[in-house]
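Which chain is which? They are A, B, C, D, E and F, in the order written, and residues in each are numbered from 1.
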Amino acid sequence: MVAPADPPVHAVRGAVAVALAEDLTPLGDLSSALLPTGASAVADFVPRVDGVLAGTLCASETFAQLDAAVDVSWAASDGDRVTAGSVIGTVSGAMASILTGERTALNFLCHLSGVATLTRRFVDAAAEGGQARIWDTRKTTPGLRSLQKAAVRAGGAVNHRGNLSDWVMLKDNHLALLGIEEAVASARATWPGRLVHVEATTLDELRQALDAGADAVLLDNMTPEQAKEAVGEADAWAASSGRPRPLLECSGGITLDTAAAYSATGVDLLSTSQITQSAPALDIGLDIRT
Amino acid sequence: MVAPADPPVHAVRGAVAVALAEDLTPLGDLSSALLPTGASAVADFVPRVDGVLAGTLCASETFAQLDAAVDVSWAASDGDRVTAGSVIGTVSGAMASILTGERTALNFLCHLSGVATLTRRFVDAAAEGGQARIWDTRKTTPGLRSLQKAAVRAGGAVNHRGNLSDWVMLKDNHLALLGIEEAVASARATWPGRLVHVEATTLDELRQALDAGADAVLLDNMTPEQAKEAVGEADAWAASSGRPRPLLECSGGITLDTAAAYSATGVDLLSTSQITQSAPALDIGLDIRT
Amino acid sequence: MVAPADPPVHAVRGAVAVALAEDLTPLGDLSSALLPTGASAVADFVPRVDGVLAGTLCASETFAQLDAAVDVSWAASDGDRVTAGSVIGTVSGAMASILTGERTALNFLCHLSGVATLTRRFVDAAAEGGQARIWDTRKTTPGLRSLQKAAVRAGGAVNHRGNLSDWVMLKDNHLALLGIEEAVASARATWPGRLVHVEATTLDELRQALDAGADAVLLDNMTPEQAKEAVGEADAWAASSGRPRPLLECSGGITLDTAAAYSATGVDLLSTSQITQSAPALDIGLDIRT
Amino acid sequence: MVAPADPPVHAVRGAVAVALAEDLTPLGDLSSALLPTGASAVADFVPRVDGVLAGTLCASETFAQLDAAVDVSWAASDGDRVTAGSVIGTVSGAMASILTGERTALNFLCHLSGVATLTRRFVDAAAEGGQARIWDTRKTTPGLRSLQKAAVRAGGAVNHRGNLSDWVMLKDNHLALLGIEEAVASARATWPGRLVHVEATTLDELRQALDAGADAVLLDNMTPEQAKEAVGEADAWAASSGRPRPLLECSGGITLDTAAAYSATGVDLLSTSQITQSAPALDIGLDIRT
Amino acid sequence: MVAPADPPVHAVRGAVAVALAEDLTPLGDLSSALLPTGASAVADFVPRVDGVLAGTLCASETFAQLDAAVDVSWAASDGDRVTAGSVIGTVSGAMASILTGERTALNFLCHLSGVATLTRRFVDAAAEGGQARIWDTRKTTPGLRSLQKAAVRAGGAVNHRGNLSDWVMLKDNHLALLGIEEAVASARATWPGRLVHVEATTLDELRQALDAGADAVLLDNMTPEQAKEAVGEADAWAASSGRPRPLLECSGGITLDTAAAYSATGVDLLSTSQITQSAPALDIGLDIRT
Amino acid sequence: MVAPADPPVHAVRGAVAVALAEDLTPLGDLSSALLPTGASAVADFVPRVDGVLAGTLCASETFAQLDAAVDVSWAASDGDRVTAGSVIGTVSGAMASILTGERTALNFLCHLSGVATLTRRFVDAAAEGGQARIWDTRKTTPGLRSLQKAAVRAGGAVNHRGNLSDWVMLKDNHLALLGIEEAVASARATWPGRLVHVEATTLDELRQALDAGADAVLLDNMTPEQAKEAVGEADAWAASSGRPRPLLECSGGITLDTAAAYSATGVDLLSTSQITQSAPALDIGLDIRT
């Protein structure tokens, strides 16, 4: 079985270190300092609502950095659907360490599961209409790019460009300065092996992008009807030219309500910033067993 | 006039450095590298919807770290209400630098303005019902604590504990181990000068907290009716004891719909994680002037 | 039993990493490189004079970062009184690792135990005169704030503000610009739940601070006689107003010689920068067993 | 004229960044946030007692990192003797920035000037007795090695090893394992061009060190009389062998009271940890002009 | 004109900070400290041999971090051919700062110009035989990935994968576990929009890769004759299938002597680790004008 | 037996963290993410050519940071001669982790073994002619100073100055400003215990350096004949003055071809930048066992 990738370990380690520093500088946890030093506890991660899990590596790393003697185990994995009230993971160790790490661990878990959960809703919505995949964007929360993109994968969607260094996207401002044909040729020559991705807002621009040899075309702010027409145009171009149809992406206007309609147009990918920029946290608690 | 504080400058600097590294590692912006080297541009930050602005320091810092020759100026300040279509700031300099920094600057601006905007809605909603202030929580996005809390202030609300080192909060797990009276006394002795904040889920626990001398009481998951009764109880305690009423906070169940009702109960503070954990980004664009 | 908090673990880890880098860049320990590679040793931490121990986490972390195979154990804990010549801890492992880490571990241990030891002397001196607690200040050694404040707790004293983000202190310069009444009101409104701490240099200023509703008043550079008069004034105010007396702090002129006299005045807290800024190191050695 | 070196700029920059982070995390300066935003000020650094100045680069860097619009100028330089009540430097700019940076800047200035001042007292004391120079040690405050060693130079003394990577010191534990002759030969072969420094506690060990060809000998814990005898021994060895006398260092027992006597023995260097580990802060204030 | 990209600015800043720290910890430049403080100088960067320039941003940044008052200007740009004895850049400012920064600036300049120079030789050699471009690899010097890849572009070659996050490469070990068809399909499904790059060591494997729909095929360790045969095979496949020929890369055995022959085979790209892993430094000096 | 030192552990840890970040930002290893999650492997480090090993600590640390469950063991140590085709180390664990870490581990291993191998060739060449040791320089690859200098030791050579903070080198520019006699005296006074190293380009300058009391003289760009004459001059000076001959270093023109001739002149040290700046990588592979 092929599994989506976890976030890279250095990104987990770095984000957790930053999060602990912001929660503990300068004096540490004043409240835990009052607890009897020998007190230990067992606590369960329990979602309050249904959702899709992500961020378990961050939650584990939080306790690992705080207190190596705390044990964290998981009954569910990133990408699993979890249900309200179920135990999805368990922490055991010193009560003071558990209470100190609780909020940081949950901040990761709730945020990233929120991303995965909303992503999954988009994925399911798109599947109602057709085969289009949900694509994320670079509209992510600063400092959490790697973690959010992993949560998107956990939610069943796929990753667009990881960053500006991944591939070439030629948007309106690039094209205005360079012209589409020269822009694509220059991209191809300067960065061989990279996807050359061109923005088109009209069928005419789409045709230019096709002729210029773009590997992917972003259909910008089109209605489902316009997008369907664009797909037809691209299919016709492919048939007549004998070249494969580039990837077609719809961007702008993709919502839970419209995803099925866009998916039905025959485009390959539907991109949305909502899943990384505007996903509400998934409510997960850490319940101390008593 | 007294203004809410900006985020601390070291937090701005650090968050921007991390964000640029995640967007530019390892090769930089492949697409901007194709542009004519002499090309320059002027571009305007323009909200697509109405909202409250936050994050201008981060947006400015993004360009400062990328290219010191880029000039950024603002027509609005953090905390200002901004309207769809208006120019709220302007960037001028090398086209390549502007396009490279655009997304990072906007990621900060849209996220933090989203926080400020939702906060403002809560503030306004609470004002409909009474005098209660909106309080944030430690349920923030990892790595952005300082910036989100500043955005909360920009939205007109106030900051709860900045972190675990700020003051003492005695929640159910602390109280179960220590007993409320001993817990408050211990907090007072160990951390003099710090607020001692006690969680209460019932009127009986409230009374214990009052008698123990808590400076603030978190009324946990109470309905507005229960909260109102709690306020009455606390007022009666204050009148009979001659001591000032502690700060009363409602936590749990505070939404845009319920904020007025909770505010009307007479409590001092309404805390909500929604403003930092679940605020949708405010849609702001950077429009290149042509 | 309630114990004072250890320093936060991220602060220990960070400070040790910096200290090792400054002692080992660029070539490492030239002298240990000459040793036979198989040589191992057991070495004891032994104070040369009596004192109070602090910094054991830093000393342990030093060896953990250098060589995970070195074992460190402690016969005493932070806050314990230790006596000249006794074995307070033991290190065993590779001779080269022990000699390389010796100075860094001792630099932490001697400095922080020096802080704890002087603090304890102040605490004991104050106890001769009354109930006043010793409070530290923000006059700490740059980079060691968290560790020194933990050492202060180990010495039996309590922590004043951890940093500028903790609570509001209104000193002469703030008050000159704002006026005391507006300053306190503004602090209360802007930062609810935070201690509002006001500086007063005269009885008249004290009265203004009381009337303005300060939570704590710093009596600046008063003699014990003046401080006693101030206490009387505050007690009278409390009696007549029915409100609790704010915390009263004496600052300026607190020495080992005067601490008892100030403590006898009835103030709550005596703050001194000497314990963090001017504490001589406690002489502790690491004796290789032969 | 040849001046002592300033601390390396990267060390200044790094130490200041750490110090600001520990004073401002997570919310910044709560109190300065209350000030009128337009308020500006001019403030003077004024020593309360006589001393020797050090740390001006750190104080300047503090304000540079906080607010580039704050101007800092100095009327005295590191190494200058300064007198109580004189203006040694001036800061001008936004009142909020000045108050926020005040304590961090002063923490560097007071600590490092304290080091320079005590160092100067040792230097002057040694000069009463002879030509011996005062040498610092690796017994420094963790994280401040570079800055303290620069302050030692500002105080007129000289720097011993900067760290373990500088040169070879063969102490009792090395010698016990290797034998003095083999140890020196091995050091010479492994690290050519480095000083080979040998510890000797007796005249017999001194003679062995001389015969082994040590470049410097640490006379450990000798009285002035013993040290004088050792000097005689080394001089006789030099005369008879025709080789130059190694550097002779006295270590252990060097105080302000004994420095002259040790200096009179004819040794080259007197090392003391007191100047870096136990120097009280020099009291310097920042006075806002009114 | 389209220019190759500079290295990302955060990579320059970070690498220079690390390099200065390793050259100046803990005491700074002992030798420059001896210079008269007022001495200033003008110095020229002068290559001792002909070559291609790279690394000017790093050299400028070195002095910027050391001393903002030092001025650095360039008479040549990254990618320019420079000749022995010519002045390619000039530094002016304090003599002490120039001598302190000299080696760090030159270490970047000589190393990166060495990379650019050897790259240019490969590019020129390949151009003798055909149209194949020179491609770098991930076999770079740790910590210098971004800078070396920019130097490769300065030398006229193009960048292969920047890192493991760029695109999918399916090598023998992946293929053995997954099978080529499933591997390509899985890559396509998991990472849409990414190049899928497949290793082939035989014509048979090449055919499988073509049929599986690889975007690029690495011809591993083939002789020019074998590579030519592979090109023929791929061309035939493209003609018969009507699909575009994937990018063909030769890897293994590409040297200055063989580059023309490989280029003549008709493949698109010749990759070599030699340009980043084994490029000798270009000898450039900094000559103080006298 | 006395062994050359390993690189300092903090330098290994830091360099590996940087290298992994540059290879895995932002999405991690796209290709390994396709592998079956349970797949494990055993893989051997095998040199393709003969050489001298260095960098094993870095290779181990790479896997330790990526996946603590991967086991790395070594059949050879830094400094050992290794032969083409032999197994020098073995990695076992998750296939995905091994493939993700492979290139980073090898980049360290190949680069540092390349340095050690070329160093050993210089050492052997010099030994053909005489007793001179090979000395490295500060002409190292930025960020890898500590690791390269350790690899030099693994290759059998010795380390010159680690950095600018180690000892005093007075080159032409220093001497022009200060005069040789004053320069040496100033160095001696300012930095007692440090080697004072003087550059000489002529016999006359050598004589001045000898008379000024230099501890070491760099004979700059002399032919072997000139160097031999210089040695004679220095020997004569030593005989007539009764003082020990300073260390004599030849710098400039030392190649594998000339090393024996320079070694035969009787100088102590031959310095070359080639071993750190221009050493080709040693080709080592990681072979998965099948």
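In the analysis below, contacts are C-beta pairs under 8 Å (C-beta built on N, C-alpha and C of every residue); 3 or more make two chains touch, one makes a residue touch a chain.
Here the structure is a predicted model, which means the values were calculated and not measured.
Engineer: Touching both chain C and chain D: give me those chains, sorted by label.
Structural biologist: A, B, E, F
Engineer: Have a look at where chain B meets chain D and say same if over half of the interface residue numbers show up on both copies, different if under half do.
Structural biologist: Because under half of the interface numbers appear in both copies, chain D and chain B meet with different residues.
Engineer: Compute the centre of every chain as the mean of its C-alpha atoms, then state which one is farthest from the centre of chain F.
Structural biologist: Centroid comparison gives B as the farthest chain from chain F.
Engineer: If you average the Cα atoms of chain A and of chain F to get two centres, how far apart are those centres in Å?
Structural biologist: Between these chains, centre-to-centre, one finds 44 Å.
Engineer: Return the distance between the CA-based centres of chain D and chain F, expressed in whole Å.
Structural biologist: 31
Engineer: Hunt down the residues of chain D that sit against at least two other chains at once, touch-wise.
Structural biologist: Residue numbers touching two or more other chains: 2, 4, 8, 21-22, 24-30, 32-36, 145-146, 159, 162-163, 165-167, 178, 186, 190-191, 194.
Engineer: Have a look at which chains touch which and call the overall pattern line, ring, star, complete or other.
Structural biologist: Graph shape, chains as nodes and touching pairs as edges: complete.
Engineer: Under the touch definition given earlier, write down the residues of chain E that touch chain D in their complex.
Structural biologist: 17, 20-21, 24-30, 32-37, 65-67
Engineer: Quick one: in the complex, what on chain C touches chain E?
Structural biologist: Within the complex, chain C touches chain E at residues 21-22, 25-26.
Engineer: Which part of chain F faces chain D closely enough to touch in the complex?
Structural biologist: Chain F residues touching chain D: 2, 4, 8, 133, 135, 158-162, 165-167, 178, 186, 190-195, 197, 215-216, 242-244, 247, 268-269.
Engineer: For chain A, which residues are in contact with chain B within the complex?
Structural biologist: Against chain B, chain A makes touches at 15-16, 18-19, 22-36, 39, 41, 58, 95, 99-100, 103-104, 106-108, 110-111, 114, 138-146, 163-171, 173-174, 176-178, 183, 186-187, 190-191, 194, 273-274, 277-281, 288, 290.
Engineer: What residues of chain D sit close enough to touch chain E in their complex?
Structural biologist: 1-11, 145-146, 149-150, 159, 162-163
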